[in-house]
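Below: a set of structures, written as structure tokens.
Two complexes follow with subunit A in common, the first pairing it with subunit B and the second with subunit C.
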Partner chain A sequence: MISVTLKISSGGPDEVRAMEVEPGMTYYDLLRIAGINPETVVILSNGVPIPGDDLVAPGEISVWRVVSAG
Partner chain B sequence: MIPCDKCSTPSIAYQRYSGMHLCSRHFEEDVLRKIRESIREYRLLGHGGLIAVALSGGKDSSTLLYVLERLFSRRPDIEIVGLTVNEGISGYRTETLGAAERLARELEIPIIPLSFHEEFDLTIDEIAARKTTQSPCTFCGVLRKTLLNRAAREMGAMALATGHNLDDEAQTVMLNYLRGDIDRLFRLMPRRPQPGMVPRIKPLRKVPEREVAIFAITHDLFTPFKSCPHILRSMRLETKEMINDLEDRHPGTKYSIMRGFARIIDLQPEGSFKAVPCERCGEPSGEGICQTCQLLDLVKKGQSL
Partner chain C sequence: MSKDRDLLRYSRQIPLLGEAGQERLSSSHVFIAGAGGLGSAVAFYMAAAGFGRITIVDCDSVEMSNLNRQILHGMKDLGRSKAISACESMRELNPVVETEPIIATIEADNIDKLLGDAELIVDALDSFDARFLLNRAANEREIPLFHGAISGFRGQATTVIPGRTACLRCIYPRHPRSTPSPALGSTCGIIGSIQVNEAVKYVGGKGRLLENRLAIWDGLASVLEEVEVDRDPDCPDCGSYRGR
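Right after this comes the complex of A and B.
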């Protein structure tokens, strides 16, 4: 299993979520498991956006909610 | 790491609707291409003139201002002025307007500040406290549109640019379908210039909201996301969620909505909408008394529509 920490920013304080996923899963799979629509966020690794179909690597990623409500 | 499909350097974005992985350089090129294409389609800027840009300080209008300055700074016949609107929403708007002012200063673009308090003697916080059946968002949208149009007209602007992106446009089209409001659907893209109304241009209308955000992040234009305190669950918000769910399952849905809309707009009957001056304030209106005056009456009377 791969351990990954999601730091989810929605404007307020970050929400930190630790997850374990099967090898071979993508960030899209990870977001859907976390109940987040990939269309509404940008995933960053070390401050740089990464494509959602990349395979999940162990470590920490940032998930920024970027789609405004309303 | 997934390489860029155009140059093999690491990609920063995957466009599921096109199947392309793009690095930062090719992603930027793609966004700028879509923006240039949208601007060309309006056929408004060929002879130069003044562009008024509606600025909120959020990612969309910041990206819009940055890109317009980049595209037109070498055109001596084009001038850009920013318009900010303070709707009077405490703890929210002041922060985002600060970001707008900072960016305009950096780009050396002048700003004209407008406010609901000065123009209408009312703020959105005050309107929200009166609890009319119309949501504060309705007041905010209608009053802001009136104020921006008037200011752009008075300064002689030949276009009023707003930061609406692909998601905003697809939502508006779908929302009008769902409400059966075809008149309003046609009004999104009037065939002829309307008297008293400065033509609106939406240069980001072909760029998905998520990609505007990636552009803003990679160009240091992204301000931390914050929701308006008056936001309510609305049909627009439900439509937005529905379209994003569809887009996730069927990539390309947002573009399909807009392709269908482009076909429908061609069927628009001649003269299907003609703005007339409001009997009360003289601003362009679709009916005798404009929506702004109707809404202001509502607040003054303290009644519901």
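Right after this comes the complex of A and C.
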């Protein structure tokens, strides 16, 4: 299993979740398991946006909810 | 309008920009995409600051539900074009500014014509479809794009300088879905003001821009954070700048 920490920023205090996923899963899979719609967020690793179809690596990622209105 | 009167109008900001900086503002052509909530703050402050030529594009008409935040428009404007109403409001504030309203939807096949010879693009849109069109156009033309977006108490802003910074495609590799969301005028004011602040700094050659940094405003907590972002060397929109 791969251990990942999700730091979710959505407009209030950050929510931190520790998760374990099977090897071979993507970040999109991870978000779906966490109940987060991948179309509404940006995934950052060390501050760098990463593609959601990358395979999950151990460590911490930040999930930031995108706003789009004007 | 006499030069003396211009100097008086801008007398409180010329110490910040210098007369040469103010002249650069006055000779700049800005394209504001959207005359809604963000567009209202952006247009008013850009006109007041003395950006010389402002083109503003919006396809919609003013509705009652806009008036909590879209301060370019008033009761008398209900049912009228937002772009035209916006230009009237800007001219009332600063008659020196040359304004051009365009009633249109920004699309792939008209964006070049709409942009004309604009030197700066301000994103005050409400969907990422059109934002990505602006992003690509900014990269192709090598002109800056000042991005902003809001939802409720939250907002984000960044400055895209082609060849130097992450572009919107680098930051949002997957097209974010646009969903109807609540909108607060003060959030528009904060994010729109940041965008104008960036544009003034860019033209005036002052300060440190929001380059490779995404400013994130959380109005419920009254916190402005920043996330560092990097260029994607394989970005379909700006990857051609690799190595520059």
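Note that the second predicted complex is superposed on the first by the 66 of 70 C-alpha atoms of A that agree within 3 Å, B and C clash if a C-alpha of one lies under 4 Å from a C-alpha of the other, contacts with A are read in each partner's own complex, and residues count from 1 in each chain.
Assume contacts are C-beta pairs under 8 Å (C-beta built on N, C-alpha and C of every residue); 3 or more make two chains touch, one makes a residue touch a chain.
Since we're looking at a predicted model, the values are computed, not measured.
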Partner chain in contact with A:66 - subunit B first, subunit C second, else both or neither: both
Partner chain in contact with A:39 - subunit B first, subunit C second, else both or neither: both
Which superposed partner A:7 touches (first subunit B, second subunit C, both, neither): neither
Contacts of A:54 with subunit B and subunit C, given as first, second, both or neither: first
Residues on subunit A lying within both footprints (that of subunit B and that of subunit C): 9, 11, 37-42, 44, 48-52, 64-70
Interfacial residue positions of subunit C with respect to subunit A in the complex: 34, 36-39, 123-128, 131, 148-156, 166, 170-179, 181, 183, 188, 216, 218, 220-221, 225, 227-230, 232
Residue numbers on subunit A that touch subunit C, as the complex places them: 9, 11-13, 37-42, 44, 47-52, 62, 64-70
Touching residues on subunit B, where the partner in the complex is subunit A: 1-2, 11-14, 16, 21, 58-59, 137, 167, 209-210, 213-214, 217-218, 222, 224-228, 231-232, 234, 236-237, 240, 244-245, 247-248
Subunit B-touching residues of subunit A, taken from the complex the two chains share: 9-11, 37-42, 44, 48-54, 64-70
